[in-house]
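What follows is chain A paired twice: with chain B in the first complex and chain C in the second.
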Partner chain A sequence: MIGASISRWTMSYFATALAWLFVALALMVAGFGYPATHLASPDTLVLVHVVCIGWLSVAMCGALFQFVPVLVAKPLFSEKWALPALSLLTAGLAALLVGFLGLGGRLPAWLWLLPIGAVLLIAGFGLVVVDLGLTAWLRPVGPARFVLAGLASLCATAAFGAIFAFADAGWAGSIGQSVLTTGVPLHAIAGLGGWLTLTAMGVSYRLLSMFMLSPDVDERKSNMTLAAGALAIGVAVVGGVVAIWFVSGLNVVLSITAVLGLATTALYGRDVIGIFSGRKRRQLELNTRMAALSFASLAGTALVGVVLVLTGAFAAYLGAFAFLAIFGWLSGLVLAKLYKIVAFLTWLETYGPVMGRAPTPRVQDLVSEARASKWFVIYYAAVWFGTLMLMASQPSAFRAAVAMMTVGLIGIVREVIRTRRLADVASPVRLPDGACAPHLLFARN
Partner chain B sequence: MTDYIDVDVRPILRAGGEPFSVIMAALDRLEPGQGVRLYATFKPIPLFAVMADRGFVHSAQALDAGEWEVLFTPATTKQTASPSGTAVFDDWPEPAVTLDNRDLDPPEPMVRILAAAEKLRPGETLSALLRREPVFLFPQLEKRGFRWLGGFSPDGATYELTVRAPS
Partner chain C sequence: MTNQLVDRINDALRVVIDPELGHNIVDLGFVYDISVVDGGAVRITMTATTPGCPAIHFLKEGVANAAARVPGAGPVDVVMTFDPPWTPSRIAPAVRASLGFAAVN
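For the complex of A and B:
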């Protein structure tokens, strides 16, 4: 078949991811992990991995199973791998978390669970990387190149993570120990900067220009952005490994990576402004307006990073910097796009088969943007307030901010469930003859 | 910019000859990336499908006295067609409906094409201009037994789609 069909398990990925996000927010509201404990404490490791693997990576994988076939106009290499991958990722993350809790003394020290978790996660991500990689490879143009770079970064992230897990269990020898001692920034850069950020950038190019009726970004421009980003990650990973090998410290590598990362952000900003200014559609949809707030958060993250480095305070405020990047930029963008993707896929699944044969609603009839926008605004305002409270060392106010984020998220998830249930569609066109109401958690394709 | 080789088959056609072998011979001489500028005494619709199969998109322009100039440009993106073979495209009639869906918000182009396609009589075709390759439309067309042929214009800004109703 040519073209793209509806990905069967994308909704399952989104639901799992949102469940993990609720877990992370609940932990933060309860005062678990940073800022109550140190950034490198086992409790913070639990929190970071719930957010980065459970929420962001799982949501990104679910979106890519749908999006990569659209990019290359070819079916997914194997639809059958998506559900086993999700199971492996969930089991792997659970094992890893129990291992971390053991590391921190909250559970018995079953440290062997860490390498087991790592192996399960590598198996899950491996299925995702091979499946998406073989699909994207068919037409590696524009955004698909960002996805391929993101998948390569995911492999690097997983490799570092696995070494750490084996080292924590005492199974990785002295080399493993020295990687664990110094390599954590490389793991974080490859994961947040390479896998999550480069992939989100690539996906956003196409989604933004599609929803705003804007011409695609000139390939020379987007290639330059990608080259800067891929170089930043390449320098961090390769240079970092060399630096660890020669025990020469990571300062030089991290400085070059920071400059390249800043350049990537600036080039991406230029590309996004180009898409916005070249748009034919004047009235922006909610998902685009909210994506703009995530771009503002990315710009804010870059600005905060520069100021902190110049004032020599980066290490002291690393938590606030990472919080803004993770919840303002990445989570904000994923939530905004998830809101639109769910509406579109639900519409296509329900009404595609009867379109042209019976009156059908429009995609925007499945959502209530006026109602949803206030939840998004609450979410973003809470994220920015939380960032400021982390900087001001106000842990109680920070927990209140996260509670406010949770309220915003509950509102957004409620809207998404209503969309999936066709709750806002007026009844004459809600289910025309031949149309079938969608299942909440998977698609009948 | 694409470099074109001129192929003028008007003398052959006026003399009642068969220009196909001349055009194919010209194709064999092309350098990678080169296109063909064809002059003919009629709009060579059957040739479009043959050239599409070889990876060329066309843009036809009427000249005086019923003559046509057609630019065949190597497609940057390979042309795609419904997977039922290309020989069957030779007898496609001129479109009964023409849609310009380029400035519609997604997914309105798909909605309009499906609505128009359902109204076609057996064997009739419709043509549509779009901004993007309608990847979600193709499975719907296939399920309903429609055949289709599509590709980007040489500048990459417009996707031209022809859909034929089952006969």
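For the complex of A and C:
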């Protein structure tokens, strides 16, 4: 196979993910969870899981259903699993959130919802992992290896999460309680560092090369980056479990993981600089310029992390560190690429079938970068300001920053909807004979 | 006669664009060869920027559709190849400048 087909449900994943992101931002603007409550509070757990599962994981899964076939030039193992997986993930997250709200006393204590939510999430992620894993395994080269490492990390994250959920419901015995007491950092590292970051790195290699017409990263270099990243996650998960078993504390494991994580970030930075400097298209599109801001946020996250560790203040500022990683690096990159992917897929779906029969617009004709750029700038400026306000212990200013992020996001989503509706395409070529306007929430293929 | 048909097919393929680069595939240098055998059967060998890209299927179909509409063209066979790989040096100079491509590479 030399060309992948259009993923039918990627738009549905993106729409669901964006809806969860709005929920998360609304909660933060309302002062729900951290910094009003501490990082491990049930309210913060609600917030963290809305962002990490509802927004980031769902958006990443939607993108992977389209891009894993592109990465390996093979068809998806099963297109039919994508929608059931989305339904299971949505139901599982909802059950988990109600369970957390019960844990915090905001709802009746239906703690049995936590293991039910975990089982539903494992079923949903299980479909995703098997579908994408079997597809990527057919040709595990280059960026596809990052996706496989990310999927393995997702399994570890889900396993920790399930143990926590069963332990919170009182169904996991003393071993479950030990894992719950000590293992939360391992769950977070496997999820944010392994699943989301390694996968985002792998996909970004391909997307940056495709859209800037750069040579692919030298496989030896990207393998070195992946080896450092996979080793970091491996040390955290395996070493962490051993440390919990022997009740020896996690300090050594977390220190080694931090050093390896820093090395991974540095190697990834070297690779990305190589892609930018080797590009054949000199003019950068908006999605690439905005992705560069997410790379800057990743560098900033690493720098903040080093300074906080060296000054012994990491625990005190963990929230600000995580906020910058989640909203500057991961969310910034996902939003920048989502903006481009929606335009590209909308073009393929609408104009691909009539190519050769009628004149068609360019992908760039579906978007207005001049209009969209200000919303991205507002979003990133707000994220950086919010990080500073968290560090300065200014909760009101932090909520104002999140409100500003919401304004930026509303603008970005409005642009994406306009793209989907072909609102910026000039009328002579907007809908040539034989072309169908795309549906907002799924592909018609 | 055959050469004229090849020229007409080449012109007809200008309706097919690379959606990302926004120019027709002839000026972008995607078309490696057009051959017409006795009876009018057409064989077009072409490429694209990225193997695995979802646009490839549509580019191939679009080329087949455009060529089949040329009077005198018989059955059309489109072969997609990445050997040799496409490079920006294949782009017509005027288009290359408008796309902002590096002079080197």
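Convention: the second predicted complex is superposed on the first by the 443 of 445 C-alpha atoms of A that agree within 3 Å, B and C clash if a C-alpha of one lies under 4 Å from a C-alpha of the other, contacts with A are read in each partner's own complex, and residues count from 1 in each chain.
The criterion applied here is as follows: a contact is a pair of C-beta atoms (placed from the backbone, for glycine too) under 8 Å apart; a residue touches a chain by one contact, two chains touch by 3 or more.
Everything numeric in this text was worked out from a predicted model, so none of it was measured.
> Which term applies to chain B and chain C once both are placed on chain A by superposition, clash or fit?
Here chain B and chain C cannot both sit on chain A without a clash.
> May I ask you to decide whether A:66 touches chain B, chain C, both, or neither, giving the answer as first, second, both or neither?
It touches chain C, and chain B stays clear.
> Quick one: is A:210 in contact with chain B, with chain C, with both, or with neither? Answer first, second, both or neither.
both
> Quick one: is A:282 in contact with chain B, with chain C, with both, or with neither? Answer first, second, both or neither.
After superposition on chain A, A:282 lies in contact with chain C alone.
> Of the two partner chains, chain B (first) and chain C (second), which one does A:360 touch, if any: first, second, both, or neither?
both
> Mind working out whether A:348 is in touch with chain B, chain C, both or neither, as first, second, both or neither?
A:348: touches chain B and chain C.
> Looking at chain A, which partner touches more of its residues: chain C or chain B?
C
> Taking the two structures together, which residues of chain A meet both chain B and chain C?
Common to the two interfaces on chain A: residues 1-5, 69-70, 73, 210-211, 213, 280-281, 344, 347-348, 352-353, 355-357, 360, 362-363.
> Residues of chain B touching chain A in their complex?
Contacts found on chain B: 77, 80-83, 103, 105-108, 110-111, 114-118, 131-140, 142-143, 157.
> Report the residues of chain C in contact with chain A in the complex, numbered from low to high.
My answer: residues 15-17, 19-22, 49-67, 69, 80, 82, 88, 99-102, 105.
> Which residues of chain A touch chain C in their complex?
Checking each residue of chain A against chain C gives 1-6, 66, 69-73, 210-211, 213, 278-283, 344-345, 347-348, 351-353, 355-360, 362-365.
> Within their complex, state which residues of chain A touch chain B.
1-5, 69-70, 73, 139, 141, 210-211, 213, 215, 280-281, 344, 347-348, 352-353, 355-357, 360, 362-363
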